[in-house]
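Inspection log for the structure reproduced underneath, given as structure tokens.
Chain naming follows the written order as A, B, C and D, and within any one chain the residues start at number 1.
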Amino acid sequence: MHEHRDYEGAKIGMWLFLFTEVLLFGGLFLLYAVFLHRYPAEFHAAGKELSRTFGTVNTVVLITSSLFMALAISALQRGRTVLSQRLVLLTVALAGVFLVNKFFEWNAKIGHGIYPDSPGLLALPPGEMVFFNLYYLMTGLHGIHVVIGGAVLLYGWHLMRVGRVTPEHFVFLENGGLYWHLVDLVWIYLFPLFYLVV
Amino acid sequence: MTGHNTAHHAVPVRTNLLVWAALMVLTTITVGVTSFDFGFLNVVVALTVATTKAGLVILWFMHLRYEGRVIRLMVFTAFVILAIAIGLTFFDVAYR
Amino acid sequence: MYPQSLSPVQQVDFIFTVIFGFSVFVLLAITATMLWFVWHYRESRHPVPAQISGNVPAEIAWTLIPSIIVMGLFYYGWEGYKALRTVPEGAMEVRVTARMWSWVFEYPGGKRGSVLVVPVDTPVKLRMTSVDVLHSLYVPAFRIKMDTVPGLETYAWFKADRPGEYDLLCAEYCGLKHANMITTVKVVDRAAFDAWLASADAPGGKGRALMETHGCISCHSLDGTPGVGPTFKDLYGAEREVALPDGTKRKVVADEGYLRRAFVDPNAEVVVGYDPIMPSTEGMVPPEEMEEMLGWLMHGNEVGHEEGRRLMEAEGCISCHSTDGSVIAGPSLKGLWNAPTIVLRDGKEQQVTADEAYLRAKIANAPALGTVKGFDPMMPPYEHLTPEQLGAMVEYIKSLGEHSQ
Amino acid sequence: MSADAHDHPSFFQPLPGTKGGLASWLFSTDHKRIGMLYLYCIVTMFLVGLALGFLIRLELVAPGRTIMGPQTYNALFTLHGVVMIFLVVIPSIPAAFGNIFLPIQIGAEDVSFPRLNILSWWLYIIGAALAVLSLVTGKGAPDTGWTFYVPFSAVTTTNVDVAVIAVFILGFSSILTGLNFITTLHRLRAPGMTWTRLPLFCWSLYATGWIQVLATPILGITVLLIFAERVLGVGLFDPSRGGDPILYQHLFWIYSHPAVYIMILPAMGVISEILPVFARKPIFGYKMIAFSSLAIAFAGSLVWAHHMFVSGMSDTAVMVFSFLTFVVAIPSAIKVFNWVSTLYKGSIRVEPPLWYALAFIFLFSIGGLTGLVLGSAGTNVHVHDTYFVVAHFHYVIFGGMGFGLFGAMHYWFPKIYGRMYDKRMANWSCLIAFVGFNLLYFPMFILGLQGMPRRYYDYLPKYAEGHFFSTMGSWVLATGLLLMFWNLWRGIRHGKPVGRNPWGAATLEWMAPSPPPHHNFDAEPVVTHGPYDFTGVKPDA
């Protein structure tokens, strides 16, 4: 079939897809809002259990990865393909750092016997149970998005190498970048809601 | 349809770095203020900072500033719908 | 129209009438107009169409007029809803517990039953919850419906203005026997209601109550568990070894004479293994009350099948466990006694026997005992049942026949 | 086939130089072929759903056990709901007729993302396959009702896990369709096809697309939460774990109420196409109808909790949502008035599509007006979760969307196949189905007012009469529908060939050959007039 080269259309489509992601997380944010309203004290207590250091480091990592992604697009638009490729790889590397961080964080919590359906969790007050259930669900779903985003960007890097994403036709990378920024965006909210909730 | 890609606006490196710096500063602020207790305003402060950061990411990193009216209106609609969904739910949970 | 003077039922019916009247009018108008246009402007009769592409005043009119009308409908609907939700002061409160697939109504004073009995002309507030899934209490006659939600208390109220029996249904789908989760609201006159409420349905009646009043039960269990003193279970007529104050031991039969002596001079013959610490009831308990308690110990203590059957119906056991061998949602009670049973517990199969201890524990806290193989883990715990109520239920199960083979 | 077929190979025939065959359909990126795939799947699923509904009615013909036990019955009505809602009604008009005609109506060659389009169909098939799989695997067919209310759906041992994953995937399929249509309408309109020249069918699909994109993800996360609760023990809806079952209902209806508009808006679009064509005059108040589609889409997302007036939700919320519900009634009322006015002073040719459109207006009006009873808080309490609701939504969804779909089938049939069905037979089948429909569902209003709760396997003897008539109606309705499908099927094979524009319609699809060729138009069309400007347009059949 013939190839559509409607960049504006591709971008509109991507944005529409991002809305579905926003609304997907939106359902969970709705639950978070309701439960925070219902259990403020328990959320406060449970929030203290999470490592603020891990959270802050991961925030810095993701924001920086977003910067690299934005720089990669700018570089490509200026025709500096090699630089762009390296920046994309840096972005993916930071995604990896984020996931490793997350792994250690989850691991520590699970080591303390706090994970969904665990006896340790079920012994907590209801509000804290909800907090940790939401924590695992939301950061877990976010983590899956980090993995997908990383994979998409790696594929974009591959497309650049084989010359199918070029300074003239880079909508794939641009849309991949939009997706990656969305992942960052979700984390920007998750971070204060779980690690700084007071 | 348009066959090439001329409408694109390459964001200057400087701008990107500035946005990044602003995001870092806001992250420091939001972590920093947790040592103060504003009561129920804590959540408000945290979310205001988060929303400012989100705005920076959307407008510059996601290029919304450089997009046409159509996409901007669409983004606005999506967030309005999300706000409505959360907001109207509170007519139940806040009064139950 | 003075809606304040109407009962909620009348108020809701009034709104029904208004909305239906409006709807029928609109529907007829639309349909008639439409059909008349189709007939009147058919091609053969009206070959050249008029090129009308709209009419702004008309469109504004049929935007604004319906808007105003529906706002009116909203207002009346809301008024009716408020009437259904505003409980008059001094309403009698009944606690409702819904479970798969039966209702339990608990009255002030602790009486429980599976049929909702209420006095006529009295506002009744139902305070409802559920122990398993969502149900919805629906009494069409009173226009009330409210979901029962686990972990949440909801309410509804009504006032019956004439005696009679009305259907009470479950309106929220709740599984296999949803359609059978039906009971009755029995509206009776005040005197009949008071008499019904006062009628004792706790086993043993007055003597049993006195045992509690005087604190006997705190040392002497009713279900066989050892306490500070020997259990009352199966006491009457049993042979026991007792120690005399001088240390000698002998066997006695717990007949009437022994029981009388035990009331008056409890430490004269103490059952071996227990300390002689019971105070004498002489002077503490009026003689007629002692007679009542004695009477209960000798006769009331034998839990009857009738009582067990009544309880199992009231608590809704029968809606899942048949008494005739057929399978509903749980094993039939017929032939259950001493039946070898395989239960799944923590993912492992275990062989147990449906004996007294198992059945008591199972009824009181089913989730902790695992699930009988082939059935769903859906039986809720019945922690409010007293040991003697459990005993009565087990007795009833026994009476339905022992496992054969 | 028509004379056109010689000059332009139709989309049914293989592209010149290709082999054709089944694979050329299953992996086609041609919007028309994808639309046809959807159409056949949807009709098949509709017949399955119809059979299930027929069995439900048969069981209810008399009190007590008739043909099946309670567990089977509960699984049947669950399956009837899941099949009809997720596999038939939600995709129906947009995925079938939207796919086929939206690009042609705006003068485009295809949708914006043809490959996403076929992916969307494959997701639909995978979802449907999983739904079937849920019946035969695990511990029996789901018995929760299509609403999957917790805690029941979290505790039942039947195979809810697979069913909710199926729903998740079907939701994704629906999102991709909506996303595609919105982008297509923004980007691929032919020169001169301004927003105010857009056919109203396209407007309705645009509004629908937005609901699909913005509401469906909420359903996605909601069913994932059921999955998480069942499989991982994440009890966000479980009160013993601090959760709240009422929140499930909020999330579910935040999607599922707007979803009702996903179902009905495209049908409204079809009616807006049919009426002006057969009245031979412009639609009355084009802008108002187009705008009211958007208004319905927006206002429809504000009213979800009117499904929850007796759920234990706060009274304040009842007031707010009752009010908003009455607000959403207004744009629908406007549409009905505008449709009726379109007939005023027309030159009306009564053909089968018009009969379906008129039946739609009548049935949808009943559905809408009984909605007032449900939206009004005081009366809602009595009829909520009774047969009144069952009747109401069947009037809206089946009487509305269903008859809209049948209208679309009869209207676009000659365009798709280049042949005409037997019109007399079509009129008869419409009449029989209409009578059967009312006999089936009208008694349910009365049953509901008498207090007959829905989803009951068995009922008290006092409801027997209504149920009996209702079951009679199901037989008449089934007869009418089978006659209709048979007539259409015969029309495909033996119908009289027709030309490009048998109805004399003015939208672009009627300028393309029947059936349309692969790329729709010989040259990109330039649009110079509105979609309902019939001056100089004559039927050519």
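The criterion applied here is as follows: contacts are C-beta pairs under 8 Å (C-beta built on N, C-alpha and C of every residue); 3 or more make two chains touch, one makes a residue touch a chain.
Keep in mind it's a predicted model, so treat the numbers as computed, not measured.
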Can you list every chain that touches subunit B and also touches subunit C?
D
Could you tell me between which two chains the number of C-beta pairs in contact is largest?
C-D
Measuring centre to centre with CA averages, how many angstrom lie between subunit B and subunit D?
36
With centres defined as the mean C-alpha position, give me the subunit A-subunit B separation in Å.
15
Quick one: subunit A and subunit C, Cα centre-to-centre, how many Å?
49
For subunit C, residue numbers touching 2 or more other chains are none
Residue numbers in subunit D touching 2 or more other chains?
186-188, 214, 218, 244, 246-247, 250, 254, 312, 315
What are the residues of subunit A that contact at least two other chains?
4, 6, 8-9, 12, 16, 19, 22-23, 26, 30, 34, 38
Show me the residue ranges of subunit C that touch subunit D in the complex, using the header's touch definition.
11-12, 15-16, 19-20, 22-23, 26-27, 30-31, 33-35, 37-38, 41-43, 46-55, 58-59, 62-63, 66-67, 70-71, 73-74, 76-85, 132-134, 136, 138, 140-141, 143-147, 149-152, 154, 167, 169-180, 182, 376-378
Subunit A - residues contacting subunit D, complex
1, 4, 6, 8-10, 12-13, 16-17, 19-28, 30-31, 34-35, 38-39, 116-117, 122, 125-130, 133-134, 136-137
Subunit B touches which residues of subunit A in the complex?
4-9, 11-12, 15-16, 19, 22-23, 26, 29-30, 33-34, 36-38, 40, 52, 56, 59-60, 63-64, 66-67, 69-71, 73-74, 77-78, 168-171, 177-178, 181-182, 184-185, 188-189, 191-193, 196-198
In the complex formed with subunit A, which residues of subunit D make contact?
29, 112-114, 116, 175, 178-180, 182-184, 186-188, 213-218, 220-222, 225, 228, 232-236, 241-244, 247, 250-251, 254
Note: in the complex, subunit D contacts subunit B through residues 186-188, 210, 214, 218, 246-247, 250, 254, 301-302, 304-305, 308, 312-317, 320-321
